[in-house]
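What follows is a pair of complexes built around chain A, which joins chain B in one and chain C in the other.
Showing the complex of A and B:
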């Protein structure tokens, strides 16, 4: 009896192990095996191998999955066009720098020619160093830490850098006269959050915003944020800036609601997805403003088509991470087509041509029109603010 | 007024730590093992309650009961499959197994419920109490959590002091071999301890997530570690010690954040703990066991 149980448990563990692997590898088969290319198609035989990594499991899987889905959808569409053919493989890095290097090595063994990731900043910084050393072109959809692109000339971002968001937020709050006294609650254990916070503070001093409370938490003590919220209330903040992720922001909003504290809340792209949190009462997020380059409810036809296809394929509405990833795929496609990249080129050769393309081209995507890249790899596009009203995003001017 | 509000916040999170710490301390006191999977049983309890109330639309009370039953069964299964075969092995082997069980539960939860955080709907429905013209707010969750932790502590103290089973537990805790010689079924007693500890974990899970709404597969691990610290701080193995340790840890944590710095709160909190343990190595209410030669 005991043995039977032990066997059962062992079997269960094996199954869970494989289930984990399965989800990580689906997109590879999807993108490779699906959509037979048109007959006249590919100018060269073979496919260009695109690698990516992100937290497909663990705390931030909601972002990693979105990137995986966005890339999968875009490359399927691109392959169906019949021109250059791409093969995508996404590895799980659990938003951990060490795992990201492992994922990178797995992808290199597979023969990756372009890196379209990783999803999160810590992982991206680790992978960027590897890409720079090996001469592999890297374009991250969502790792917004400014440190990521300092790794090398071949590392690019399609999302705003964190400093950019911090500066943008301070400017927006000040130019729209949203607050007299500002409080900030940020995650001091997270480079994304700290990056925005630091620049926000600098810019706040420049534009004359009065920041009266700066409260931090870490991944280890985020179980209780009520003190941070109470301190903002005590300090009389009429706007609380939240450069954090949606899960923690939901906690802040709930705490504030419990103690009847109703300031304006302002966040960055990490807040995107708060409305999709299961069980979250959208009434709590009423009036919350956030800077995001993507608005799924936008009337722009390109966005609408993307939202419809994405929803049909994956059964959920895309967030900004999915849109960023989708843009990454098309930006790579545009650059490869323009430069005449072929599948038999080495990663280093592709890297050279891609750097030349990206620093000279202009790209229109879901997350902005006329995007251009500086030589350091930072993107230039306009930030856009939205406000949550009746559970949906509404553009703010 | 700020001070009182912080004090209440501190007692609130401290009571949650206390309930979790009670589970740790029970198991440690009797089975002499650190059940690092305790925090993850909490998470399972919270998910069960979430499913019952959100997917089946049943009242919160049913959710708590289902969570308790599921966690109790889970606790017994974990003990039987993972810990019982290692009864004679070194304590290090059991410790590593417990860490393994912890990871297993987290990953299983992720496969079942996905990794996207869910927002737990509080089980407390009555309105918060406002004092001093709304300057001080005591939420229903705070009251329920404090009440629950006190009731559980008293019940556990009575149980271990008065009932047959409870006395058997204390006997096993004092000297396992002697207890066995006196005709106490040691294995059954330890299983019973796990059952009670896991039922407590279910309650802790529901209360934790009512106070802090974010529910994800890793929800239980950090509060679990903190509660373990609280149990050591209060004197591991001691039931009132776990309670005291939990509440003090909550208050110290909140006061540090409120008056010193939110940036360095953990460093300061754990510094205090180190100092306390240097002065009182057995914890605040722990018994100093003298080695007889």
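Showing the complex of A and C:
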């Protein structure tokens, strides 16, 4: 009779499973029911539906949240202008390719017409292929891997690609004579870090930088990075290149301080946000240089307004991810307005016009002036180097 | 008639397992063909199939063989990337997508099975907690190896290296797997039908193994190692059998999973995924194959169904897990359930008596 019980329980669980599926479906069908023609991407009365996804719940939530906030703020401002109206929905993808596809499908059920995400590269590579297959225009704020835009003609980036950052960093260090001996500490399990590292090494050989230490760690063994720092010290590096994220960079700086090792530190856009890292003494970041397209302390009035509004709304200072997302929203708005996109167009129709717009237009945003896009979806804008002085970014010429 | 009845009685569990899987497939396939499923539900079908196979195969090790393995996702990863490389290499050689998928599943399974042998030889000398820790370590090793491999294809054949620069691909060469980024631009081959076939195959292998002479020997080793040894059972050999079969099936599931996404990276196949699969097994019941099938399905759909709760969904998912675990283990619930089943059993018995007369 135990078996009978098992069967009953099984039946019950199967029923609950279908109930689960049903409830997941309801919002989608409801949304479709409220509209006139049942095309797969029919919008509700007059709003263009923008979808995005990012890690809202795990280790990388700080980036996903920043993108969500940046998009939210921008679309609220745009809607207040009274012209085209947008509706935004951001789904959690846990920075995981599988979840990104689930998030994408959920957004498509909702009736998404333009994809303004995902936040991270792994997710974006998976979602980009879906966007390319379905003909949905995709503009990612921060997925910087070069492989993301190879998925299709309709996939665009607003951030620099990782290889560009690697080349840019090597060029910058060599042209400013910042170092004689360079050490690199990178995360070999992270595509962002490896992407920059690889190109940096290639370019370093070209411009004649002497790299004497290449130290790697992985996402699983980053609890203590003192070995890597010590090795750089032993190798006599006077500049340590950090193509990593802020949390790990904070550790590196803390370790270096403990062993009285004071080289110059140079990072990429992942380092942005280091001053706000929890449990990190911002004084240690003095003199750190980084390539970033966004500087929250800039005197540019547009940036100042953005920072003030963002801080008032969300209670924290925006980082480069939020600024990229903000630019994504305005770039989409500019393209939609210029092309006369209306809310009743299907995702495919919007996609066609957006591709034409993006490859021909020039956009001025927080993260750069005169941005243009190549047909492959890569952005062209000037990299900007900043130095941390007295707790704020100061531009370096 | 009586013979058939007898057969159904003794095999009711297996029949129920196959039956539920087949019915679920037919229903979902019908709904999918009739366009009654939303995109997201359609998107869950293949990963659910992969997770069911993973849960059932892990159940063979954890439930039937009684070893706590924490590295199952490692085998899944090996299978996934072996499958992706196979499918990419057969592009242009085998025309049928389904044929390439089947070849990829087979190669994924075999490579993971070989990894299972290599891992199993040192690991299965250990028991209990030690075995758990070492499988965990091997799972991470497998993940890190994949995360540092670069595999490319050009006209001279397949090239394997530890960095992009060392690949030296010739003209027209294509990088299939690039280290930490994993494989991108994978052609999606997996179908729900293939997933369904894989589940049936897995059930066939595992259920038959459990009910065979080997299966009884494996269970004997689990229940009392010394007694099993004393009657002449080769303990290591039988544990190894279960372990390798499990790795083989996990590799096939990995290939199905890998070919369902256009981008797959090694970081997916870490400790967290291993634990997820173990949760499916524990919640479904150790040694209970049907339980694994159902819990894998329910637990996969659950967090997706809770997307409406936004930021709270992962917390609630954890809370639901705790509640279900407590609920099914509560003595009171067990008592109530046993009363209910006894009553239901009574009805059935009476009916049976009635029909016999």
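As a working rule, the second predicted complex is superposed on the first by the 352 of 397 C-alpha atoms of A that agree within 3 Å, B and C clash if a C-alpha of one lies under 4 Å from a C-alpha of the other, contacts with A are read in each partner's own complex, and residues count from 1 in each chain.
By our rule, a residue touches a chain if its C-beta (ideal position, glycine included) is under 8 Å from a C-beta of that chain, and two chains touch if they have at least 3 such contacts.
A quick note: this is a predicted structure, and the numbers were derived from the prediction, not measured.
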First (chain B), second (chain C), both or neither touched by A:234: first
Chain B versus chain C as contact partner of A:195, first or second or both or neither: second
Partner chain(s) touched by A:300 [first = chain B, second = chain C, both, neither]: neither
Touching partner for A:150 - first (chain B), second (chain C), both, neither: second
First, second, both or neither for A:218, with chain B first and chain C second: both
Partner chain in contact with A:122 - chain B first, chain C second, else both or neither: second
First (chain B), second (chain C), both or neither touched by A:369: neither
First (chain B), second (chain C), both or neither touched by A:96: second
First, second, both or neither for A:348, with chain B first and chain C second: neither
Interface residues of chain A shared between complexes with chain B and chain C: 2, 5-6, 13, 16, 20, 57, 188, 218-220
Complex contact set, residues of chain B against chain A: 2, 5-6, 9-10, 12-13, 50, 54, 80-81, 85, 104, 107-108, 110-111, 114-121, 128, 130, 134, 137, 139, 141, 208, 211-218, 222-223, 226, 250, 253-254, 257-258, 262-263, 265-266
Residue numbers on chain A that touch chain B, as the complex places them: 2, 5-6, 9, 13, 16, 19-20, 55, 57-62, 188, 215-228, 230-231, 234, 246-248, 250-251, 254, 258-260, 276-281
Complex contact set, residues of chain A against chain C: 1-8, 10, 13-14, 16-17, 20-21, 23-25, 27-29, 56-57, 91-92, 96-98, 101-102, 105-106, 108-109, 121-122, 125-126, 128-130, 145, 147, 150-151, 188-191, 193-195, 198, 202, 218-220
Chain A partner contacts - residues on chain C that touch it in the complex: 12-13, 16, 20, 24, 37-44, 47, 140, 144, 147-148, 163-165, 178-182, 184-185, 188, 257, 261-268, 270, 288, 290-291, 294-295, 297-298, 301-302, 304-305, 307-308, 310-311, 313-314, 337, 340-342, 344-345, 348
